[in-house]
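Some structures are shown below for you to check.
Shared chain: subunit A. Partners: subunit B in the first complex, subunit C in the second.
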Partner chain A sequence: MSFLQLKNIEKFFGDHRAIKGVDLSIEKGEFIVFVGPSGCGKSTLLRLIAGLETIDGGNLLLDGKDITHAPSSKRDLAMVFQSYALYPHMTVAENMSFALKLAGEDKKVIKEKVEHAAEILNLTRYLERTPKALSGGQRQRVAIGRAIVRAPKVFLFDEPLSNLDAALRVQTRVEIAKLHRELGATTIYVTHDQVEAMTMADRVVVLRDGAIEQVGRPLELYDRPQNRFVAQFIGMPQMNMLPIGEFGSYAESLVRPLPVGGHIGVRPEHVTITNAGEGQLLATVDFVESLGAESLVYATTPHGVQVVSKQSVRSSVRAGDTVSLKFEQDWLHVFDADGQVVSNAKGVAK
Partner chain B sequence: MDKTLLWVRTGAAWLVALLIFFPILWLGMTAFKTELQAISVPPKFFFTPTLENFIEVQSRSDYLLYAKNSLITSVASTLLGLLIAAPAAYSMAFFQTRRTKDLLVWMLSTKMMPAVGVLIPVYVVYQQFQLLDTRLGLTIIFTMSNLPIMVWMLYSYFKDIPREILEAARMDGATLYDEFRHVILPLGIGGLASTALLCLVLSWNESFWSLNLSSAKAGTLATLIASYSSPEGLFWAKLSAASLMAIAPIIVFGWFCQKQLVQGLTFGAVK
Partner chain C sequence: MKKFTARFLLTPAVGSLFLWMIVPLVMSIYFSLIRYNLMSPGEHEYIGLMNYEFFVTDPAFWPAVLNTFLLIGSVIVITLVFGMALALLVNDKFPGQSIVRVLLISPFFVMPAVNALLWKHMMMNPIYGVLAQVWRFFGAQPVNWLESYPLLSVIIMVSWQWLPFACLIFITSLQSMDREQLEAARMDGANYVQQFRYLYLPHLSRSVAVVVMIEMIFLLSVFAEIFTTTGGGPGFASTNVAFLIFVQGLMNFDVGVASAGGLFAVLLANIASVFLIRIIGKSLEK
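After this line comes the complex of A and B, so read on.
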């Protein structure tokens, strides 16, 4: 049996069904990332697990125990908030020891645990400071420290990096991933940033409108998206999505029978720009982004669909040029009119 | 140019301040005059001060008894008010529903009703429950008349405490009591103090209910002052002496708590 189990979890805000019967099993020690666009319910789902919102339907089991209606304080979970939510009137050491103090832990043990956590997080010098006197990154580390001193059953992270600047975000991301490897603690991490999801997760849960779209290992989601939403949500720049009609008879060689009103999806790295006659589609270049290591060419087909091509060589094409787009046949995903996958790229299997 | 403007402004500020303060100054001066000097026209600004009014007031009525009543009723009503208002404000600030705002406005609207409008019903109730002229009775009515303001003030202070901090405490294993004791109390102590101070002052100065619901036994300093505007005629000097004795404690108290009081009175005005 899995460590943390969500069974048909439901949440209503008034008449709005915010979480629509979510089922999910999480194994001990797993790093799970909830990802999705804003308003998809990922934070709500985390708060339901935390007990900060009441669960309106379904069951939540932790380590074999039903905690559906248990108060937060009795769930043995720790949470790191986006706003850090440190106690402003307490020092770093007091912030980190608060939970242990409430639990009536021995003073000496508390001191040891706090010092150990501070060492891991490089906070030893700041233990006597108040949060006010710390930088954003340090505050975030205190918030993480507050969670790890408790050695809870599950760590919950609610967009913990959103308030940090770009450089610090990357650094902290690496630190959190490292911390997870060292502690081996079960972790649920919410983010809207798919890079965080791809780099940190053992498994990613993609959410939309309060329901799970797909669960899988990061590359599995990248290679075998089950629907158009996941296909376009994961990957940067997003997967090109062209109506099947664009391809004319060429599409028939891909899949039979052709899904009426369906789409063909192809990632930018599998679109190359070739001389006229060699590709499948003609397009006009809108603009070119040269990022140094790679170039992104944005082009529009005669039917007005924008296609992005990612090339590792510096591109010589310029805006206004007419080019031919070549799609690598083994890397095409076919979706039906409802957006569900008909066939994923064959290239992955090879 | 700027300098002149500054002088004009400073002068104007002093003028307004003096104008507002003048009655109290006049009261203070009159308290040290004889009755004859007090009513003399034109008014005397220079005179030999006398303490006879204070001695007279103390001998005619027991100042300390009234002072004790004032102290007990205002402190008790403040504590009782905090006991009720703090949990109310807590739940309204942190567990808001769609009706919370309406509830708050409704509570405040009770302050807009003239107190005299409910004097008769309150009087009859007090009579039935034998609360007339008791300190308990005054404490209850002071508490009730201050509650809307207390709830509003505490609500606005509590609202400034980020919800996540309380949630973090809950995740850390804090019970409702722990949350209050270790998070709300230390973070909201400024607000609680300001609220308590304001209510203390309001209760101390309250006169309508104390005049109507109490007399010799539970009477507060407000009733002491009123007893000097008696049917036998006004005794300006003694009335002033009694007034000065009544307001002195609260003026001294207010002087020391100026900062908190101003903060309390402007609550919500500047965020």
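After this line comes the complex of A and C, so read on.
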């Protein structure tokens, strides 16, 4: 029996079915990341778990207890909000101890817990300050501290890094991952940033239009996407999708029977630029992005499909050149007309 | 040069504002130092501070000062408490919210004199007033409000007029309340009273300061409600400083004493504002 279980969870906003029957089992101590494009329902799902929105259908079980309709304060969860939602007129210490104070916890115990959390988060020096006197990163840590002090069964994070600048985001990402390792707490983390998803998660849940597209370990999603959406959502730059017709007879050597109207997907790092005649497709180079360690070559095939090639050597091709694209045969994914996978790349197994 | 041009261009505005203030002030000071009664024409000789002495030793003086503070204090407390309660009540969405809000604000658009007449005749009249009807419905003897509780009646009228102002300020302030903070508090297990105590009240503190300050300024000079209803009586029971000045100047025709009273009111307002700025300035700085 898993720790946190979502059984056919549904949510309606008026007539709109925002969450379409989500099933998910989360084990104790797991770090789960909900990822998806904006409007996919990932935040709504988190708010349903937190009890900030009412669940319209299905069941939510935590540690064997049905908490579908329990008020959020009784669910034994703690949430870190996107805006941090610190109480502006309270000091850091008061912010962190608020929940315990309301619960009528002993003052000595509260002080101990707050000091312990402050130590973990490196906030001891700032306990008497108000949030206004703190930097973005420090506020973020206070918000996490507020959650830690409560020692909840599950930590919920709602896009906690989106208000930080790029450098701080990377640093805080590492800190949160480290914190999770130390505390071993079950965590659900919502983000639209696939890098955060890939680097932090034990398992990633990819959502689209209020439904789960795929659940799996980060590399599993990268290597074995179950459909075109996941294939293209995970990975930067995204996976190239070529209509099977583009390849002519070459496609038949890859998969039989050929899915009519299907696509062949290949990641940019598995496309190389060669001299005309050596590859499978001719294309015209649109532009080249040189990033130093790698070059991205954007080229368009005669049918008008853009293909990206990622090369770790500096490329000498120029915009306007006609080149030949060579696809590594072991790294092709085949999708049918509905976007479902027919076969994943063989190269992964090796 | 640039500075000079700016100053030069500002001069007409600053100058006219300065004249606007200084001319009446100087005239009041001048009138307060001479014998100037409209009923006894002749020389306006200099009499020093005698007008001030007359004003301060008038039997109506202390009741008027006390009534002024009672009126201001009660109206501020009533509008703060009920304004906040109403603002919180209409803060959550419900059908017809916008209409209810407009209705809540509307007493503020009623002129003070009209407001007083409405209350005097429609609500508080002991024979056909609405309150009398209510009292009779419960089998009680109707209260003659203006006679039995003159100051309370004025306080009720002025409160009714100023409640929308407080309410409006609180409604706008509540709209800037952070939703995620409330959700965080909910997850922390705060019930509604605790949310009010720890989140709403601190958030509204700045608006409270604004309401107290502005109401204080305007309530020092409450006049129309008293003039149209109780006429300051019975006795001096509902006379405030502003009304006392009116009595001295336009009923006793003693311009000198009235001017002295006016300057006393200025002093009073300044003392009050020093305290106010001390207290409220701190909360505004945050």
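Here are some notes:
Note that in this section the second predicted complex is superposed on the first by the 350 of 350 C-alpha atoms of A that agree within 3 Å, B and C clash if a C-alpha of one lies under 4 Å from a C-alpha of the other, contacts with A are read in each partner's own complex, and residues count from 1 in each chain.
The working rule: a residue touches a chain if its C-beta (ideal position, glycine included) is under 8 Å from a C-beta of that chain, and two chains touch if they have at least 3 such contacts.
Because the structure is predicted, anything quoted here is derived from the model rather than measured.
After superposition onto subunit A, partners subunit B and subunit C are found to clash with each other. When the two structures are aligned on the shared chain, A:87 is found in touch with subunit B and with subunit C.
Using the contact criterion defined above for the overlaid structures, shared-chain residue A:78 touches subunit B and also reaches subunit C. In the superposed model, A:99 makes contact with both subunit B and subunit C. Note: residues 50-52, 71-74, 77-79, 81-83, 85-89, 98-99, 102-103, 146, 150 of subunit A belong to the subunit B contact set and to the subunit C contact set alike, using the contact criterion stated above. Residue ranges of subunit C in contact with subunit A, taken from their complex: 178, 180-181, 183-190, 194, 198-199, 202-203, 286. By the touch criterion given at the top, residues 50-52, 71-74, 77-79, 81-83, 85-90, 98-99, 102-103, 146, 150 of subunit A touch subunit C in their complex. Per the touch definition, subunit A reaches subunit B in the complex via residues 50-52, 71-74, 77-79, 81-83, 85-89, 98-99, 102-103, 146, 150, 156. Here subunit B touches subunit A in the complex through residues 162, 164-165, 167-175, 178, 182-183, 186-187, going by the rule given at the top.
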